[in-house]
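Note that the chains are named A, B and C in the order they appear, and that numbering of residues resets to 1 at the start of each chain.
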Amino acid sequence: MVGAEKAIFEGAASFEPERPDVYGSAHPKGLLRAVQEEHEYLLTLSKNHVASAAQFERPLLTQLFRLAAKYEANPDRFATPMKPLSGKLLISAFYEPSTRTRLSFESAWHRLGGDIMSITDRSTTGIAKGESLSDVAEMFNNYGDCVVLRDNAESSVMEMMGALRIPIINAGNGMDEHPTQALADLYAIMKWRPDLLAEEPENKIRIGIVGVPNRMRTVRSLLTLLSRFSNSFEEVVVIHDDKNGDVWAPEQKENLLREGLNIRESDDLDKELPELDVVYINAIAWVADGFEVMGKNLKLDKDSPLKKDSIILHPLARGDELCTSLDDTAHNWYFAQARGAVFMRMALLTCIVQRTEMVMDVV
Amino acid sequence: MVGAEKAIFEGAASFEPERPDVYGSAHPKGLLRAVQEEHEYLLTLSKNHVASAAQFERPLLTQLFRLAAKYEANPDRFATPMKPLSGKLLISAFYEPSTRTRLSFESAWHRLGGDIMSITDRSTTGIAKGESLSDVAEMFNNYGDCVVLRDNAESSVMEMMGALRIPIINAGNGMDEHPTQALADLYAIMKWRPDLLAEEPENKIRIGIVGVPNRMRTVRSLLTLLSRFSNSFEEVVVIHDDKNGDVWAPEQKENLLREGLNIRESDDLDKELPELDVVYINAIAWVADGFEVMGKNLKLDKDSPLKKDSIILHPLARGDELCTSLDDTAHNWYFAQARGAVFMRMALLTCIVQRTEMVMDVV
Amino acid sequence: MVGAEKAIFEGAASFEPERPDVYGSAHPKGLLRAVQEEHEYLLTLSKNHVASAAQFERPLLTQLFRLAAKYEANPDRFATPMKPLSGKLLISAFYEPSTRTRLSFESAWHRLGGDIMSITDRSTTGIAKGESLSDVAEMFNNYGDCVVLRDNAESSVMEMMGALRIPIINAGNGMDEHPTQALADLYAIMKWRPDLLAEEPENKIRIGIVGVPNRMRTVRSLLTLLSRFSNSFEEVVVIHDDKNGDVWAPEQKENLLREGLNIRESDDLDKELPELDVVYINAIAWVADGFEVMGKNLKLDKDSPLKKDSIILHPLARGDELCTSLDDTAHNWYFAQARGAVFMRMALLTCIVQRTEMVMDVV
C-alpha cells in the first residue's frame, strides 16, 4: 500500500473533534462574570476606522473583551437565525500576502452572516494601472460596508482613510501596527486571568515580550494596549538581541512609561523566564517584502526554564523560535490565542458596522 | 509618534459616512418619475447572453434604467428579507485582471442575495492545460447560473456563448466591447437629465467623447447606446489626436449615422469644452496586455474651459487625464457614475437570471 | 461589423437552457428506485476525513449514490428554505491549481447553503514562510467546519489529517488519489445502469480504463471503488502503452484481485472497444508540476469501433484523446459525469459535516 490508502489503513481517517485539555482551557465564562455589560462604550466605534492600537481606551477594551467572550461562550447563539452582519459586505484586501489573518477576518465575518469580496493580488488592482489609493477608496465606498486592509506599504491605510466613507480596519501596515492582533493577544491574557481587568488587581503579572518594538507591528500594538492596563502588570520585560540601537521609535517608550507601564529591557531570555507569567514571542520580523529572524538563543522549547503555570503567546506563523514540544503542555496558550482571535474580530466587526444593538442583552 | 498612531492623533480615525453634495447629487427619483414601469421589455433578456451594446434597443434600455433607479432609490428594500438572487450562483471569471469591474459585479450580485465563485487567475484554469473554451463553458453549465467574463482575448466570450446554457455577460473583451460599462454611463446621463428619455426631448445636449472608437471598448459600446437615443443629442463630438487613420472600425461610423447620431470629430478638447454638456473622458486604451495613453493635451483640470453645469464622466481607473482638482466641483459625475454602476448591474442581473417578477410593482 | 456586435447580429445572443438529449439522459430516478434509503451507513462518515477511496465500503457507496440521486432529481428542493449546510464554513484550499474541481466543490457547498473561504495561491500561505502543515491544520480548526485540499505534494493531506479536528477531503494529492472523482465516476455508471447495484447483477458489464494505475490518481481511486462492486463487472481491462514496468504500485493489483475484480491489461484500445460497455479515458497524467500525455493511438473519435450503447467517461479536462465529434453522440456520458459530480459532492459534504438528518426521508 502507498499514499492515502496506507494512511487510512493505519487509522488516520478518524479524528477527534474535541480540543486537547491543555489548549488554553479556561472558558470565557470567567471573563463574562468579571465584567458587566456597558453598551455605550462600544458605540464609540461608530463612524471610526481602526488603524492604531492607540484608539482603544480601557473601558472600550473591557467591553470588547466581554463581547468577544460572549461570542466565544455561545458560538451557535449568534449564528442563526439572527445574524448581526446579515446584508453587510466586506472588502477583504490583502495586498501583502496572508492566509492566517485573512481567514481569521473572513471566518469572523461569515460566522456573523455577512458576505465577502476578496482581493488577494495587488497586481489585479487599479494600483497596478497607476490609480491613486484615494480613488480606490472612493470605489470601495460604493461596493462594500467595511474594508480590511493589509499592505507592506505602511502608508496605504492612511491614504485610504482620508477618502473612505465606510470603516477600514488595519490588518497590518508594513512594520507599523497590527491593532486587531494586539486585541486578540490581550483578550487571551484577560481570559486566562480576568482578575486583571479589575481597577486594582491584587496579583499583578510579569510579562516578557520577545521582539523589537520599533520593527515588529505586533509588538508595537501590543505594548500600547498593555499600557491601558498598566496597573495589571508588575513589569514588562522587552527581550531582544538588537545591537543597532533601533529598538524604539522616537517617544514610543516615553509614551508607554507615561501611561504607567514599568518597562525593562533584557537580552537573556532564559534568565528572565523563571519570573515571567506570560511569555510573548514573535521572532519573525517583517521587513519590506522579506523577513528577518531573531537570534538563535531567543527560543522556547521543553528545556526552557518556564515558570510553573506561565503561558506562552505567539501571533503565529511560527518557526524554530517556538518548539512544537511545548504544544502538549499547559503553557500552550498560543492555540487558544488564535482561536479567540476569531471571536475578538467578531466583536470588533459587530461594533464597527453598527450592529451592536443586535447582540446586547439590554439596549 | 509615527505611523497609524500619528494619523489617529491627528484626527484621522473618524469618517463621515455621507457623500459630499457635489458627488452627482441628483436623486434617481427624477428618472423614476419620468418613466412608467413596463415589465415586458425586461423579459426579452430571458435566455439571452449580454455580449454587445448592440443588443439593447431603446425601450429595453429605458426600462433597465428605471429598474436601476428603483434599486438606487431604495437600496435597503431589496436587500432583506426578499432577495431576488437568493439561491443563484455567479461564476465571476476575470481572466484579464480587474478589481473595479469585478467588485462592481460581485457587489451587485451579493446585494441581491446571491452567491459567487471567483476565478481571478487564468493560469489556474484548464485553459492552461489546453482545455477548449467550449469545454470550459460546458463545465460552467453545471456549476453556476450566470457567468461574468473579462478577457484580453477578444474572442473568448464568443467561443463560450456557443456552448453555454446559462447566460454570460461580457465584462470587457479585448478592445471590442464593454456593454455594462456603457449601460452605467448612459444611466448616469439619464439620471442627470431624465427629460432626455422623452420621445422628443426639448433641450437636447451636446456630448464630447475623448477617445478612439476603434480601440477603446468603452467608447465603442457607449456610442452604440447613444445611437438608440439619437434624438436626445444635438451632436456627438469625438475628440482624439490619432493620426494613424485607425479611428473607426469598418462601418462603425456609418451604422451610428444611420441610427441618427450626429457625429463630428475634433482634435482640440479645449476648443470644444465650452459647448459640451457632457464630457466623457477615457484616455487609457487597453492594447493587448498593456495600455497606451492619449496625448498630453487631452486632459481635464480646473483650468479647462468647462461649460457651466456640464458634467464629466470617466469609466475609471483614471490617470493624469482627469485632475483630482475637479473632484470637489459640481462637474464631478464620475463618482456618481461608479456608484450608479452597481445598481445598473443589479438591474441587468435580475433580468438575466429571470427574477424580474420579484421586483416589479405590478406583474 | 466586428467582434461581439457581429456575433450578436449572427444570432449568438440567445441560448437554449435545456441540455441536448444525448448528454447522458438517464434520469437519476432509476437509481432512486433501485435503492432503499438506509440512513445509518451515512453516519459512518461522521468524524472521518476523506483521504482515500479505500475508506468506502459497498453499503456506504450505495447510500451515497442514492443521496446524490435524490439531490440530482430534486435540485430545488434542498436549495430553499431548508439549507443543509447553512452556517457551515468551507476552507477551499487549492495549492495545486484547478478550476474544475474547485468550482465543483464550491458549487456543491453553495447549493446547500454554506459559506466558503478560498485559498488559490500557495505563496500567500504561511507555508511560504516556513510554517508546518500541522500548524496550518490547527489554524483551520479555528476558522472553518470542513477543508477541501488539492496539492501536488502527495503527503500534505496526511500531514494535515494528524492535527485537524474538522474533516478534510482530499481533492487530489499528487499522483496518489482523487477519491471524490472516483465517487463521481462510479455514480455516473450506476445512474446509467442501476441494476448493477444489485447483489447479483444479471447483466454484468465490461469496463475499459485507459490509463496507468500507478501514475494517475483518478485511475487508482476508481479501481478501488470498482472492486467494491466486483460482481458487477465481467472484466476490467486496463489499457495503456507503458513499457517501463511502472504500471502498478506494490500490491495494488493483488488487493484488487483479492476483492474479486477480474483484471486484464491490453495495449490496443481499438481491439478492445467493440466489447467494452464503459470506456474510461484519462490520457493526461499529472507528474509533479507538469503532465505527461499518453501515446497517440490511445484516442477516441468518431471512427473508433465503439460498442453500440456503450458510454464514455472522462474526468476532464480533456485534450486530443477524446475528440469533440463524440460530444453529440449517445456515447457522451462525460458531460453527465461532470454534472453528476456536483450532486455526488453535495451528498458527501452533507454527511461529512453531519447534516444527514436534514435530508433523510425517515430519521
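Of note:
Quick note on the criterion: a contact is a pair of C-beta atoms (placed from the backbone, for glycine too) under 8 Å apart; a residue touches a chain by one contact, two chains touch by 3 or more.
Here is each chain with its UniProt name: A, B, C = Aspartate carbamoyltransferase catalytic subunit.
Source: prediction; values computed, not measured.
Counting the residue numbers that touch the partner chain, chain A and chain C have less than half of them in common.
Remark: rotation between chain A and chain B after Cα superposition is 120° (nearest 5).
Chain geometry summary: the mean Cα position of chain A and that of chain C are 40 Å apart. Contact with two or more other chains is made by residues 118, 120-121 of chain A. Looking at the complex, you find that chain B touches chain A at residues 1-5, 7-9, 12-19, 79-80, 94, 97-100, 102-104, 106-107, 110-111, 118, 120-121, 284, 291, 316-319, 324, 335, 338-339, 341-342. Residues 47-55, 86-87, 89, 91, 115, 117-121, 123-126, 128-132, 134-136, 138-144, 154, 157-158, 161-162, 164-167, 170, 173-174, 176-177, 179, 224, 249-252, 255 of chain B are the ones that touch chain C when the two sit in their complex.
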